[in-house]
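In what comes next, subunit A is part of two complexes: it sits with subunit B in the first one and with subunit C in the second one.
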Partner chain A sequence: MMDVALAGGTAQPVPSQRLFSGAGLLALPLIVLLAVVYVCPVGVMLADSFTDPQPGLQQYQRMIEHPVYLQVLARTFRLAVVVTAATAICGFPVAYYCTIARPAVARIALGLLFVPFWASTVVRTYALMVILGRTGILNGALLWAGLISRPTQFLFHTATVQLAMVQILLPFFVLPVYAGLRTIDLSLLSAAEGLGAPPWQVFRRIYLPLSLPGLFTGALIVFVFCFGFFITPTLLGGRRDVTIAMVIMAQFEGQLDWGFGAALSTVLLACTLVAVLMMLRVAKQDSNR
Partner chain B sequence: MIHIHRRRFMAEAMAAGLTLGEARGQTLNLLPDVPTIPNRLKGSGQLRVANSGGALAEAERKAVYEPFQNLTGIEIIETEGFAIPKIKAQVETRNIEWDTATLGYGNSLVLLQDGDYLEPIDYSLIDAPGLQDQYRHKYSVSYVTVATVMTYRTDAFATAPVTWADYWDLKRFPGPRNYMSGSQGIGVDLWPALLADGVPMDKLYPLDVKRAFRALDRIKDSIVTYWATGAQSAELMADNQTVLGTAWNGRIGPLLQRKLPVGVSWHGANFVYDDHIVLRGTPNIANAMKFVAFCCIPEVQARLAMLIDYGFTNMDAAHFLPPERLRMLPSAHLAEGFFADQIWERDNRKRVTQAWAEWILS
Partner chain C sequence: MNMAADLGFSGAGVRSGTCLVLDRLTRSYPDGTVALRGLSLSVPAGRIVSLLGPSGSGKTTTLKMIAGFDKPDSGSITLAGRDISRTPPHMRDIGMVFQNYALFPHMSVFDNVAFPLRMRHRARRDIETVVQEALALVELQGVAARLPRQLSGGQQQRVALARAIVFRPQLLLMDEPLGALDRQLRKSVQSELKRLQRQLDLTVVYVTHDQEEAMFLSDEIAIVQNGQIVQCGAPAALYDAPESVFVAGFLGESNFLGGTLAEAGAGRAIVTLPDGRQMRGRSAAPMSAGRAVSVLIRPEKLQVHVASRAPGREVNVLAGRIDLVNFLGGAVEYEVDLDGPRLTARVHLRASAATFAVGDPVVLHVEPQDCLVFPTP
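After this line comes the complex of A and B, so read on.
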């Protein structure tokens, strides 16, 4: 997992131990597989963006001439940032609670979090429609209580999409954070308290810095996943909730404009890589402090 | 997982409520039999067929594939949920996995613009006087007609909306609406806006793109969602999430049979065809052409029209259909709607899609 690599900054230094000298060879099948089914196709696609239909930068030029595509990319980024932040705010206390609760209770809490995780994204998205729809449970309850006089349109807003994405991505955040928090030596907190630090200071100066590696791993996974979303925005979003994944898919499936689709994918890939590298850099600086 | 496959998405969306109901079970017994077929359509071996999945594929299995296998001796290997890019990729890499596929006529025109991806149809095998010229193309044969129609909730209004102008009338017909998304493989449909704005059906083409967007601007805030799959357009009406909408007529038929409070107006319906095509360079071209010819037989088309609410292209199929069934099909409503100008649509596709993408974000 990624958190192992990241957590390396703060966890006790692990002595480099080798099972046997050829252990690296065991990774070879996976490396070969990734090279064949991932690196090569992606490489071909990147090349396509410069060669289809003719060699040149015309696909990228089109992106500059019609700002709508970069607008969609910007919207997708904003969606990813909002969803990642909201997931972190909702997920961190859950992960923390699971580390301090009695093991049996923690198992139940994690179980509750993961049961919906086993259902598909489509089913969970539809479930939200049942709750939030015009004739849904929420509207029914509000009408019954006399709080509203006619159904409120809860569906088909950006906030609906964000809510659904947070709910879908929460387990991806909680698990690495929980794994990270469990490695924190709680006696450090007792020591800080014993030395007179108030609870807020203990959290800010001791607990939070130690939890950052796990937090960054969880946030990174959520952030990257956000860029691939298209079902949830399609079903729950309104007019403006178009994500870059939806636009790229339209180029390949609807427009048969593979060159332009490849160019959009290349820009998305580059932007995502830059964002991820920036996050990793921040994470590293924090853990070195 | 997150990167769920589109095909599975649609399959699950269908399973969520919209499969061919038991209601269809009764009609199965009434399917007309296919007569003996000429020897030139018989053969051996296999045929790999790709279809668009969902309700249409379910109907094709019973109506077409079963008698084809029995009568020709050719075994069908079916792939569900095909996509045009895969045809392009298969022909380009000369790695043909499907011999024949179904494709919207408009999409076949777009594909042909990109290159020689299709085999010319062998009309010497097709003996179908009822198959009109408008359905005989060089590289494809149309086998069903599909209508894009206006849908509404019958429980939402005192008087039923009829025209596209009614769809646009927010005062007389208030409430949330759905519209096609114009992305993810769903074409951009500007014609309802022009019909609502007073353009007569026979003067629609060439479409006045600017005027259409001005008309769409007027109801922008009342269109709460834009559907990306046929299943979604039906689900939104069945669940009463929207009170007015657009849909392919075949998707709404099952709702009518379930007696849900959903209505269809055929006024200003847009008719398009779905075609059979043969992939360029398939080693199985002989069987593929036999299959295409088999699908033109009137009894075969009538069987399909019994199982799904799409129209036939061989007019002789009408002889094998009960009158109450005929009324449900686009074939009975051709006078109320119009046929889209697929050539114009193809030639303006890029420009229209670009304008749509800009409009939808504004």
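After this line comes the complex of A and C, so read on.
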């Protein structure tokens, strides 16, 4: 992710002198922690997927023999793409607005964006159920206004899941994008205009390309989050909205089939890595153009 | 360079007529700052006109108005006979070089320079030729493929210039374009700029803090003070006949002697200094006797003589003592203490010129036509 942020067009010279030579040591505790809580479990998971209950590839074979698992994976991927795109479309104008608003207004806008952070995803998802449920606020309002005669079920649709995920993930997108947009020198826009570019060309040729590093960072965060989402789809989705994370949970909790759970997790991890690498590749090409 | 003529990318001889007219522009900001108070200016085609003035006097604001990035509260802007006051910036056909250059960091040098042509939907083949030509003009052919951050400050400055002139705008605006360059480089870029301006017959409005730069580059200098142009004219005219103490003080170096007007008439004035000595000079404005005045004397107009060999003249002779000697290379500057007032005299070093040391008694002399008398503001 570091790489995406740095791949951008801003021409900051890299300081040639380190602050002080021991700085690397300060990062050591975090590196150790990451090794213990991240690298080790992933290793165990990988090992499990090939050895539990007996050595061999049978867990992966099972995955291919039952197409339902790959279907769920594909559906999760589609969900991630849709939610990332929707978050980007909703979040970009917000981030842009925060850069042009007066500082005080921008601070309030960013603050409001973060209020939901104080509650956990579970609470926020339940809140949406309260709003969208049969006896929820939305139905109440629509009935009162006479727009509908019977309560409508807004829950358990794919669109509801997507809406909720966009709402939950928006801050993760807006913040890096806002940070990226802030570094764009606004005199470049004037310069482009003065050189004959109408407003939409200024946006397309100057503003958008310069905001890409931030956009990629934000999109990457959202995309990776989407792949692992299960609370929101579990609570708000219907039977068609099962994600790969939900299936994995079921293996560990319900079926107690750790080997198969590990194999599914490995595939999920591999897919995420491939997607991230592809996005990084695109970002790099774009900034070298 | 024949191709240049074919594409219309070369000078067409000095045009005549007026390119740009600013008529009584005003602009105030919501916080109450008045940036422009009725600024008027006329820029002849094919000339460089510099806006010179102290910080905050409204130079940048004026350029923004011309470019269209800001709108005047009242007044009009006419470019080549067309009122452009309400025209959006991208339709004004004006090139601009920003102080920080504003090069597009994600585009190569070539793409930066090609940008205005692409926005004008020029044919691909044309673009290639015209861009290469513009880069050749600023001697940057070799770096077309680089990104701006891979260039030195001077090279970036030249890319910005190439980009601003590649589409042959009717007018070129430059806001302190050399501010970020070191002195050595500034000098050479100034000469280069002047050559290009003549070669391409550009009309330029140039903003600078630097009076030497303004005098070197400009056909005309407009002195801006407080959102107005207080005097406009050829550099020599402004230097020799400033209309106010402000202009005199801003352009070139100057000595001022305070006094009272003893006699005035027919453009001539006699001033009594506080110690009773009298000076003769030209009056810059009609004034009546008894008024407080300032006498302007340029340092190079003062002659320094050995005290014992005073010139056999009675007028404008001031005795004093050398207080400080500043060596400037080709010239030397003497600060002379006149028992109260101090004057700076600049003497070019020639083999025959006498030199003085600190403490030497001297006599200063200045011709009456080189003493300009202003009412003290």
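We adopt the following convention: the second predicted complex is superposed on the first by the 278 of 289 C-alpha atoms of A that agree within 3 Å, B and C clash if a C-alpha of one lies under 4 Å from a C-alpha of the other, contacts with A are read in each partner's own complex, and residues count from 1 in each chain.
The working rule: a residue touches a chain if its C-beta (ideal position, glycine included) is under 8 Å from a C-beta of that chain, and two chains touch if they have at least 3 such contacts.
For clarity, every value in this text was computed on a predicted model and none was experimentally measured.
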item	value
Room on subunit A for both subunit B and subunit C (clash or fit)	fit
Partner chain in contact with A:240 - subunit B first, subunit C second, else both or neither	first
Touched partner set for A:198, first subunit B, second subunit C, both or neither	second
Touching partner for A:126 - first (subunit B), second (subunit C), both, neither	first
Subunit B versus subunit C as contact partner of A:209, first or second or both or neither	second
First, second, both or neither for A:109, with subunit B first and subunit C second	neither
Touched partner set for A:275, first subunit B, second subunit C, both or neither	neither
Which superposed partner A:142 touches (first subunit B, second subunit C, both, neither)	neither
First, second, both or neither for A:228, with subunit B first and subunit C second	first
Per-residue contact with subunit A, leading partner among subunit C and subunit B	B
Superposition-derived minimum Cα distance between subunit C and subunit B (Å)	35
For the subunit A and subunit C complex, residues of the former touching the latter	8-11, 13, 185, 187-188, 190-199, 201, 205-206, 209-210, 287, 289
Of subunit A, residues touching subunit B in the complex	66, 68-69, 71-72, 75, 120-123, 126, 129, 133-135, 153, 155-156, 168, 225, 228-231, 234-235, 237-240, 242, 246-247, 249-250, 252-258
Touching residues on subunit C, where the partner in the complex is subunit A	67-69, 88-96, 98, 100, 102, 104-106, 115-116, 119-120, 147-149, 163-164, 167
Subunit A partner contacts - residues on subunit B that touch it in the complex	1-4, 6, 8-9, 12-13, 16, 83-85, 88, 110-111, 114, 176, 181, 183-187, 220, 223-226, 228, 232, 239-241, 349-350, 353-354, 357-358, 360-361
